[in-house]
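We just call them A, B and C in the order they show up, numbering each chain from 1.
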């Protein structure tokens, strides 16, 4: 059998918002998130909440952050989103408290079933637990859970669960060492 | 010997269009492909054809797709180009039917001869055959042929031929398993 | 202990310029470096110098190059900066003569001490010596010195010193072979 993208199957995927809401978000996202060179984190958080996101206190959102569907986003307290990071949340993305997503990191909830001619869309949520750090340019794939205080180093690719309190590196990301946090 | 970029050699590289045509494309590319947050695939395909591309039916072009030289581009039917993918086609890039290029993927036809002081430009075409899938954030280097229904997983780097009907992963991308497509 | 980004420590980090200067740079960077589809290398170099960069002769700066702090930048003669490359120079970035930074490469001087609750910012300079080449989509981490005429291939990740005259590939980048430059 061959792939036939003309008869692509979106599976059970639900965009989660009306076309009007989505179009409005596209415009706001472009002006405030993509083009504006200022952080304006408080304003961005208020806008995300207005579009249905759950956003904690003290969240920092740098310029050029891309969020696909705010209505499928949950950010804990004191989350940092770095420049050019992309939360491609066709399925929910949930970041715990004190999570840092560094520059150009890419969290991608979308996949395709490459064993099917209709190349069925598969979306799976991503969770990043408290205190974890996704390094610059790193990639986190659909369905991945990143454990509390885990670290995915710069440029690494995670497509399976990352247990807590450990450092992971490479493609695919593998365990490097424990993360020990000293007293202040 | 040392590299001397002041005396860089473009080799036999031919840009393939007049300066006026190229400048016009830069403006159109910026407005319609980079800045416009809508898909508008039909319009984009018509524009690509006007600039010399061969583009099939049912092609989908997401926002922020970057195509360097439309006059060196061939897209089959039902090709998908994902957000922020870049077809850096100094040499021809040819995508077959039902090819999916995912978000932030980078197909790069340019190289340099690092054994020469003049750092000679070397450009080689890229071909992606029917039904193949280039994953998110993946890199495909100059001269690479991707076989029919091959899959290059997210974040992987391919610098050599990828035979058909197989999954490739890592840096450099290596064979992982066969791709079997079931009946619908 | 847990990470506490509310009490983040910037350590001894010094932004190196007044808020007014930084704001002005943000605007200029957006208009001239991010949005302008033309090279205009001579103008860009003059602007960088006006903001405190040391820039040599014959430097080529493509569109969509991102430089974080011009006042912490040193570029030798005949340096090339490719489209969408990012010099994230919280600490100084110094590029020697005839250095080529290819498209989408990312030179990142920032890190965090993940053993500390305050996730202390750590910045370390990056040096790329004469004739070296950082390939497309490659990542160079904080504190890395790239030796003269070394090559980091496309998509590779360097987090430790790269001695001169050698080719490095992969994640983490490892030695592949010597670079021999023939007579012209």
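The rule is short, and it goes like this: a residue touches a chain if its C-beta (ideal position, glycine included) is under 8 Å from a C-beta of that chain, and two chains touch if they have at least 3 such contacts.
Being a predicted model, the structure only gives us computed values, none of them experimental.
Participant: Can you report the angle of the rotation that maps subunit B onto subunit C, using C-alpha atoms only, to the nearest 5 degrees?
Facilitator: That rotation is 120 degrees, given to the nearest 5.
Participant: Determine whether subunit A and subunit B, two copies of the same sequence, contact each other through the same residue numbers or different ones, counting it as same when over half of the numbers at the interface appear on both sides.
Facilitator: Different: fewer than half of the residue numbers at the subunit A-subunit B interface appear in both copies.
Participant: What's the distance between the Cα centroids of subunit A and subunit B, rounded to whole Å?
Facilitator: Centres of subunit A and subunit B (C-alpha means) sit 25 Å apart.
Participant: Provide the list of subunit C residues touching at least two other chains, using ranges where the numbers run on.
Facilitator: Expected reply: 171.
Participant: Mind pulling up the subunit B residues that touch subunit A in the complex?
Facilitator: Spelled out, the residues of subunit B in touch with subunit A are 35, 37-38, 58, 77-80, 84, 98, 100, 103-104, 130-131, 133, 136-137, 149, 151, 153-156, 167, 169-171, 179-184.
Participant: Show me the residue ranges of subunit B that touch subunit C in the complex, using the header's touch definition.
Facilitator: 1-6, 26-27, 29-30, 86, 88, 106, 108, 112, 114-119, 139, 141, 157, 159, 171-172
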